[in-house]
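Read through the structures below before going on.
The two complexes that follow have chain A in common; it is paired with chain B in the first and with chain C in the second.
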Partner chain A sequence: MSAIVAEHEHDHHEHGPAKGLLRWVITTNHKDIGTLYLVFALAMFFVGGSMAMIIRAELFEPGMQFVNPQFFNSMTTMHALVMVFGAVMPAFVGLANWMIPMMIGAPDMALPRMNNMSFWMLVAGVLLLASTLFMEGGAPASGWTLYPPLVLQTGTALPFAIFSVHLLGISSIMGAINIIATIFNMRAPAMTLMKMPLFVWTWLITAFLLIAIMPVFAGAVTMLLTDRFFNTSFFDAAGGGDPVLYQHIFWFFGHPEVYVMILPTFGVASTIIPVFARKRLFGYSSMVYATASIAFLSFIVWAHHMFTVGMPIAGELYFMYATMLIAIPTGVKVFNWTATMWKGSMTFETPMLFSIAFVVLFTMGGFTGLMMSVAPADFQYHDTYFIVAHFHYTLVPASVFILMAAGYYWLPKWTGNMYDERIGQLHFWLSTISVNILFFPQHFLGLAGMPRRIPDYAVQFADWNMISSIGGFIFGASQLLFLYIVIDTIKGGTGIKATDEVWEDAHKHGLEWTLPSPPPYHTFTTPPAVVPTEHEHI
Partner chain B sequence: MSTNDTYYIPHKATWPVIGTGGLVMTLAGFANYLNGSAIGSTLMVLGLVIFIIMLTGWFTLQAGESESGMYSTQVGISYRMGMMWFIFSEIMFFGVFFGTLWYTRNLSVPWLGGAGTGAATNELLWPSFNATWPTNGPGKVGGDFEPMGAWGLPFLNTLILLSSGVTVTWAHHGLLAKNRAQLIKGLIATVVLGFSFVSFQAYEYHEAYTEMGLTLGSGIYGSTFFMLTGFHGFHVCVGAIILSVVLFRSWKGHFKPENHFAFEAAAWYWHFVDVVWLGLFIFVYLM
Partner chain C sequence: MYQVKHGYKEEEYIDSTGFNHSRCYYLCFCGNESYFSMNQSVTQKNARLVRTLILIIIGMFGFGYALVPLYDVLCDITGLNGKVEASAVKEVSYEVDKNREVTVEFMTSLNELTPMVFNSEMKKMKIHPGQYYRVNFYAENKTDKVMIARAIPSISPGQAAEYFKKTECFCFSEQTFKAREGRTLPVRFVVDPALPKEYKTVTLAYTFFDNTEISVQK
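Here is the complex of A and B:
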């Protein structure tokens, strides 16, 4: 099996990209599509971020200041949906598109036309979702979990939101199928499975999760649709249904979904840390096995989101212990990253700084998760700001920080220009300090009993809320630096051209560093004969 | 180098955006229709037309490329993987509704009747509720109904689908043995069986609505019954249409014993639909 691109003799004009804007509409090139995903995700990061700023502004002081409660709840709902489905997930798909073919020595993604479609389905889904903001009755305000019966009270927006979930699901499934086919079928012959970079491994497993869970979410919202418009009784006890059933189905999707956002994060961290520690990744195979175990466990722990809803006691106990098990493979990973840095000749460029912050701060998010997995304790934490702090620690200084790290790490490869290291470091320090001012106090608020998803609160919570909001505003503003750096780097950056290798000895860690910076439109039209590996024993 | 050991990468694709546009239009139209807006149905039909044009155009393009030998074995493997994982996603989709049936029958309906920790719910809210399946719940939502039996049409439909699984395999053997007549006859039989299944089911639905008082609104029994059989019936329709296209292509002389991905994909899909029906027959009709 060789992977050599068929270039037809008669259509030489087709080698490069199409001219003008149309290039981006009809492209099938993995680099173009990767760029589209990344740019779209960055835009959505700012849209979702603006919504977060509205939330923090309202919570700056007790009392109602700027928005009405209904709109406030729409903001929490839309903020979450936009960040999850519009920013974090697409950003990782963008990285997958850009990097996976280059990392495994493939000429492109396995199914290029479907690749194009999966991007446009994403845009369509997000547009449909965004359109609900302008509808009678407002955007959905039920929280991103869309629990019935509350969500069924949504106005005109309900069917639009539901169909947007369907479109986002189709997009994710197509993207995931493409990634699996690419990894299984397009690797350079020398690239055996256990030589693959961990980013590729984690995406392989993530793609499997996506195909398994997106149809489940689609099914759940379809039942919402029929309950509202076609007289079914799935979630209505009067007809013999059960609203709690929705929660089971949602979290059967929802828990693996949070791993969809964190597994590729792990993969990027495992790719970056060895390069700046100038060592091989510690425990390569244990990383692979840990990722697979986390993915497996993620399917059998969902009801830890429902401890307070009412479950037979055996269920509470089972879901408690099963959830605790996840800490083991997660601990393996944290150990391995730390061991990789141990006695390494480390340097601290921006990507490495973000990665180190990730290791530390993600661990905190993991620990609060472990606290909440204790069912009787979760009765206190559930639906308070404690859980808000938990998942934001796993998502912002983990997933988002690693996305930033990935940006700094690969921008020189993508653009051929070096970014401005001083501004990068400034961005890092501002983000890291402010993210903790933003989220750490929320632990205290939650433990003291402040509920989540409310626009107003008792005065006893005023101080920490104000501090949290201040952190939030600084964090939000700091991200404009990232936007600046991205644009600046694309336009030439510091004026220093990136070498092929960019980072010292990076070619020992990944095939992408053997290509020119920026890489030509088509790469690896003939597969590379030798490939680097992190694995110690090959 | 012959095209057969290269990986074909198309350079520009217009159908994906067109298809996405069509689909969004259909869904936005449907949403408008559900909200009672006048333009809803027009938008929906227009979107569907665009979507169908896209399907026709895209598949014609791919069939042409395949017939002109542009797809190497490696490309074929990508397509097969794509189809397999697509079917896996469909299995998960049906899993939701089977899971719903299981959960309501074994957990939530008994709880409403006072089992487990539901004693107080039952005592205080619905003391007279008798939790047996089939049920339309303590509120008798949708009024009295008669549940669907297994041994009339549903059993006949089981036989029909199972035989169609045999005929499609027979057609496949014909294709492998370069016996085009057998291929075409087998496909015709499969398509006819497929569409008769759909017709019988339509008749069954008609009976349910007009004679038995059984509708989508008949509480949880009606909801699960029509959701499961409805989505399945839709898949049978789609499968039969795909097989009709494959039949048309066979008649035009497409497919070779060593290269017939479209046939294989259609057959896999058909077997999948078949297996789902067996699950339905057992869990929805029999038990």
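Here is the complex of A and C:
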């Protein structure tokens, strides 16, 4: 650091973090809040994962083994809600908090106090949701979609679940506002929009998605609340309402919501792959436009989740073709990642392994999505394990794998210590093999007609379910390796101190690698003069 | 270690919003303030942006509710979801199409929380489009209390709904049953001869809901 900058920093409020545990409660520092989000998300990943283990244990054999059907249905519902709202989304918000200011050369997030509030509101929301497990009548058991009239039969838990959704929604909205304000107003002078790392770009677009959809979801669950307690009849047929209306409102939120979980995934993949291919990202601007196209298309395809509710043929055709259209920008991305690796001097450290697995396995999940977009074919797939296999391929070996990749990629930067590469690779291979044992057979089960969200099944489905469960147990256990690595790396890891750029020539790819490892509590209090760009270097 | 390679005093950095970054960078060397904390302009920009975003958020919350009437309008226009007129249509005479027969099926069901007997006098009938028919349903209150119940109709296939007209129906209003009362409920209907040829069977389904609690509260 040049003398003038150091002196300048010394002059001002360059105090470090507050002492003691209170630091984590009152912090407004983007790095601290990023850490809080990431740790919380990891904890929720294990909570949601334990629920998945209960589901797979019950489905290990036909017949009722461990839990009653009501609790089983609560588990599928809570697993989904915890993983979506407690693990994947907060993990990406955590990455955004840590990385966006460091990637665009900003001293912090634009609205640090709101940042703190949005984290603690998330914790409150998830705790409220978890508390429903102990209420009379059990936790919500209607699936994460909360379809009426079934969801209205939830016991005491219903209003608590709905308020929890409100809190989670407000928390995400505040996070999104913060990210938009940071990216628009806090960039270093040299960081023009089209020089931003793709992770920043994808988060900017994701934040706009959140702003647009979270209020709609809040509205939908508020309608459920008033239907149940205040005699409105939005979805109640007796009063002239219609349950199918809920599905339309829900999926207007729900479809963009699944892209909220995948767009930042694309961003991280686009950040990691060039570093380990030692090339610049292929087709930077097409990546930006493809992300924006996917975001736009996500708003006009929602009814493909409802092909079987009874739509006119024109509606089925429209939603079918519009859905197929999404394959084009998504294909652009997959080809760009492949072209980035093409003739690159690739090395295969853990972050790169997870990223490559993401490209391959996400594409498989994308292809099954394309199959389901065919409206007449969807009548076979609807509400079967084929759907379960599809969206788990796009979430687990895609979003979750990329979150793992991000962890391995940035942990040395965050902690200043190298993780143990051998255990990282072991974690990768165990995860990749077991995730396919876990989810691939579910395609067969679905095509053979096994419905989702059932605790018991016909004996013809026994073999593949057992194999799937075995895969599930291995996958679940393998994730403990990740927990070990995170703790181990924080405590010193291999003992090898990470260099500033950690990965060879990483400083040519992103500003964060020009900072020390670990970065000081405050970074870029003066903006960096020169920014690496996706186009110019290498 | 990163280095500030050179200052920006000579160069102007104006972003798309017209904000001049170079000036504030200059200030951070001159004034005893750090780059952003002193920068009123960034704070103002943030506040403005947040206001705009909050307006969008409120607007989207409203949009969720706006989907409710939009949905009903769309269903009315298209006859989707088997939604049918909630009130009687005026009786108009159609030219009866004696050469065409359409089967009309009648289905009766009860909401699980509705203690009633409910059935129709016939399961199905063959009709000619354009001719008026009357069919009787029977409903009985199985409780010892007054019950206010409402029957919700639905027609399948949904696209046929707009051609199925009722001039009289017990479903147009709530029905009050005294304790243990049972009575016959007539429906008078006609199928518009404009019903597309491919529809050979139309199903009229009613579900009775016990609305006593809701009606009393209202």
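Please note the rule applied: the second predicted complex is superposed on the first by the 521 of 538 C-alpha atoms of A that agree within 3 Å, B and C clash if a C-alpha of one lies under 4 Å from a C-alpha of the other, contacts with A are read in each partner's own complex, and residues count from 1 in each chain.
Just so it is clear, a residue touches a chain if its C-beta (ideal position, glycine included) is under 8 Å from a C-beta of that chain, and two chains touch if they have at least 3 such contacts.
Remember, it's a predicted structure, so these values are computed and weren't measured experimentally.
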Overlay on chain A: chain C relative to chain B, clash or fit: clash
Chain B versus chain C as contact partner of A:Pro62, first or second or both or neither: neither
Partner chain in contact with A:Asn231 - chain B first, chain C second, else both or neither: both
Which superposed partner A:Ile173 touches (first chain B, second chain C, both, neither): both
Touched partner set for A:Asp500, first chain B, second chain C, both or neither: second
First (chain B), second (chain C), both or neither touched by A:Ala190: second
Touching partner for A:Gly239 - first (chain B), second (chain C), both, neither: both
Contacts of A:Pro112 with chain B and chain C, given as first, second, both or neither: first
Colliding stretch - chain C into chain B, listed as 2-10, 74-82 or 92-100: 74-82
Contact residues of chain A, present in both the chain B and the chain C interface: 1-2, 4-5, 107-108, 110-111, 173, 176-177, 180-181, 184-186, 211-216, 218-220, 223, 231, 234, 237-240, 242, 244-245, 248-249, 310, 312
Touching residues (chain side chain B, partner chain A) in the complex: 1, 3, 5-17, 19-21, 23-24, 27-28, 30-31, 34-35, 58, 70, 73-74, 77-79, 81-82, 85-86, 88-90, 92-93, 95-97, 99-100, 103-104, 107-109, 111-112, 116-117, 135-139, 141-142, 215-217, 219-224, 226-227
Interfacial residue positions of chain A with respect to chain B in the complex: 1-6, 14-15, 18, 25-29, 107-108, 110-114, 116-117, 120-121, 123-124, 127-128, 156, 159-160, 162-163, 166-167, 173, 176-178, 180-181, 184-186, 211-216, 218-220, 223, 225-226, 229-234, 236-242, 244-245, 248-249, 310, 312
Residue numbers on chain C that touch chain A, as the complex places them: 1-8, 13, 15-17, 19, 21-22, 25, 28-29, 32-37, 42, 45-46, 49-50, 53-54, 56-58, 60-65, 67-68, 71, 75, 78, 80-83, 86, 111, 150, 152, 157-159, 207, 209-211, 214, 217-218
Chain C-facing residues of chain A, complex: 1-2, 4-5, 8-9, 11-13, 106-108, 110-111, 173, 176-177, 180-181, 184-190, 192-193, 211-220, 223, 231, 234, 237-240, 242, 244-245, 248-249, 252, 309-312, 500, 514-516, 525-530
